[in-house]
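Across the two complexes that follow, chain A remains constant while its partner is chain B and subsequently chain C.
Moving on, here comes the complex of A and B:
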């Protein structure tokens, strides 16, 4: 459905050029649930925003193309772009900031139905209330008349989910949908997602730096570091046996706390303009001399499981 | 990979609490954000304070740090009521109790360089500028920050770096207690481990106590010796961290435990969605709407804190019969 064909995107500021995506190849199929993990600044959001072409003005697409079925999104006309956008929903992190403060939420959901699915005023109004009920609100009619400021963070997040699924899009992009929420509310939202995903056939691109969210919701995972996808494949396989040093570190910092330890990846992510062979090099504890000279290739571990590393973990003995 | 070890309980000096809150209440409008909470922080210990947003964690921390005046109740610093402190000992208290906030970007003046922000914090200390700068450099070294950040402004640093600067700022005054209000929740997962192990390391090198506020029971357990769980302004469970993590007794703690450790499969099915607008009877237990073992009496009167065993308390009627076990 969506195909990233060696896409590179730079952000141009008055002083510097910051590479946000470097040669990203990614394929999202119909009905896929793909989790995108990585630290802030690793290019996750840039990748997601590039699909509906919502990138800010200073983002420059250097090379590559993004295909939506057969249409090249980056070169599509305004009309066909509109058609594509009708099939894509996005949920942003700060739910309250995404809602219009001056309109009741029932109206906002109905607007989505009217514009995207072409429903009539009355039908969309009724459907909006149905959707709210579906999302676990006990009193949907009353809620539909409320304004965003009357909602809590968790409720606003659920309203946003209602808007996202309203028109039954082919692709839902969720950018950190649970960050900033309490643990209990987080679990409720994730649980809701799980139920909804089994009902709808939409594909999901879920962005998070919390690997647990991805483990629970997505069959596939892509791990980003420094604008590159360093490891991608089936979630269960990668979680139990990560091959890239960064993915392994991320797993350890997640599981370590359960053993009362605080393992972490030393150093901080660097955003440097100068070309590095491997973005993770300064923080990597497994680097070899080869890493300093040449950028690592993609190594295929098994079908659909790729690692961008000279020395994938667990393979040293074979090499 | 580095691992951090917590200071052993053997090394803890038990000489009465350094900072203590007694039956603290804080009223905002008509509602009590903090309702009759007593809490003690001993020397060289880490106390976890867990609860959801709106449960009054931050308000309590602000009261304990002297940033908010409680509506009623007392805050004792080394056994002396804050209201009775002399001007001189109030300054002592201000130096001894520091607070680090959740979002470091909002905790620094964006127009000041880091150097100025840090020097500003040291106005309470009588030392010449050279000595002060030396101290700043020592601490920066200890938290693994480069000297070059001193001339930068907050917006030029990453969240993790800035949170370290916030620790430096708190440590400059040689405090005895630091209140940490969700110090890691604004940070990435891989940075969170760095910050937590740094905190433990700093504690090992000097005798400071932490009040660690979080909504994640797992992190609270990992870093603290004792945990207080707060819900809607009251403490619902308090006691030893290990014991609470192994057998959470209050249904709310059990829910937090499930949320922090379990998988989402089958999570929300047994519990109704937490709706903050759910109306509650004024008199009953505050948790009754979400509780899966409520009885009639839970609607009628609020349970007191029952002492289950030495220094372990639970606010639940169902635990009443288990006292002294």
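Moving on, here comes the complex of A and C:
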């Protein structure tokens, strides 16, 4: 459905050029649930925003193409892009900021139905209330008349989910949908997501730096570092047996916290244009002579599991 | 809803209503001079006295509410009708269009208002429609710049991005999500601009621009009778002066409260 073919995107500022995506190859199939993990600034959001072509003005596409079926999104006309966007829903991190403050909730959901699914005014109004009821609101008619400022963070997040699934899109992009919510509400939202994903056939691209959320919801995972996908494959396999040193560090941090240890990856991410070899090199404890000279290739561990490393870790269990 | 006191709105409404009703009930015409009773002090016959031409000051003062306030409101609405779309487009489209519009606004604001109005009215004719145009011209940059700044920040707001992501075109997203949200500061600015416009119209009237006697207008009333203050005839100038202050105060107070309510 969506295919990233060697996509490179830079952010151009007045002083410098920041590479946000470097030769990214990724395939999201119909009904896939893919989790995108990585630390802040690793390019997760840029990758997600590139699909509906919502990148900021200073983003420059250097090379590659993003295919939506057969259409190249990066070069599509405004008309065909709008058609593609009707099949995509985005949930941003700050739920309250995603709702128009001047329109009641019910109208905003109904608008999505009218615009994306071409439903009539009355049908979309009724369906909006149905959706709110489906998402566990006890008094949906009353809620439909409320304005965003009257909602809590968790409620706003659920309303956004209602808007996202309203027109049954082919792809839902969720950019850190549980960040900023308290733990109990996070759990509620995760349960909700799980239920909805089993009901709908939509594909999900979930961006998070909370690995627990990704393990919970996604059967596939891609780990990003420094604008590159360093490891991708089946979630369970990668979580239990990570092969890239960065992924391993990430998993160690996660499982370490569960064991009341606080391991961390040494060093801080660097941003540099000149760097031609591995992005993780300055922080990697497993680097070799070769890592200093040449950028690493993608090594296939098994079908659908790839690691971008000269020296993928051996069987190493972190859990 | 946050705390909002209505007393200034109620006062303004009452005074405006008086402006509509008093000339209908009070027997003396605001434009008719009574030659035998020039500069009569306030009495039961002439409540606010008469002016230098023998015209009734009470009738003129209240009749002028229609002229000054309605003219001010029309001029500001006219400015909003042009400034709002210009500012919104400027903020959303950006680039050269934005540069051109903003530089024109800068040029308009660079002139001192009275100088601009005098030049305009003297060149194109000293009449009511030209006064309206010049008042609108003075207010257009205020609205265009204000709306532009809000539109620019809204352009990148997440709910507008979400609208783009939903497949809305730039125009639809702008009309549906940006424009309604820029109206809030416009509402707060509206009474303030009206207060300023009332002062400007009275100011121009005082300088002999715009509305001409015998049409009642506070500024021109003060101008005609100002020289008689020193001979003790305070009534033809004090009452219109009080009205200007009252309207400016009430409109400023409403603007202030609206501003607090919306921020």
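In this text, the second predicted complex is superposed on the first by the 313 of 319 C-alpha atoms of A that agree within 3 Å, B and C clash if a C-alpha of one lies under 4 Å from a C-alpha of the other, contacts with A are read in each partner's own complex, and residues count from 1 in each chain.
Assume a contact is a pair of C-beta atoms (placed from the backbone, for glycine too) under 8 Å apart; a residue touches a chain by one contact, two chains touch by 3 or more.
As the structure is a computational prediction, the values presented were derived from the model and not from experiment.
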{"item": "Which superposed partner A:152 touches (first chain B, second chain C, both, neither)", "value": "first"}
{"item": "Touched partner set for A:219, first chain B, second chain C, both or neither", "value": "neither"}
{"item": "Which superposed partner A:94 touches (first chain B, second chain C, both, neither)", "value": "second"}
{"item": "Which superposed partner A:78 touches (first chain B, second chain C, both, neither)", "value": "second"}
{"item": "Of chain B and chain C, the chain that contacts the larger number of chain A residues", "value": "B"}
{"item": "Which superposed partner A:209 touches (first chain B, second chain C, both, neither)", "value": "first"}
{"item": "Contacts of A:253 with chain B and chain C, given as first, second, both or neither", "value": "first"}
{"item": "Chain B - residues contacting chain A, complex", "value": "1-4, 6, 52-53, 158-161, 188-194, 196-197, 200, 215-219, 221-222, 255-256, 258-265, 267-269, 273-276"}
{"item": "Parts of chain A lying in touch with chain B, wherever the complex brings them together", "value": "39-41, 136, 138, 152-155, 182-188, 190-192, 194, 209-211, 215-217, 249-250, 252-254, 256-258, 260-266, 268-269, 285"}
{"item": "Chain C residues within the chain A interface of the complex", "value": "156-159, 161-169, 176-177, 180-181"}
{"item": "Complex interface listing, chain A residues touching chain C", "value": "52, 54, 56, 78, 82-86, 88-90, 92, 94, 97-102, 112, 115-116"}
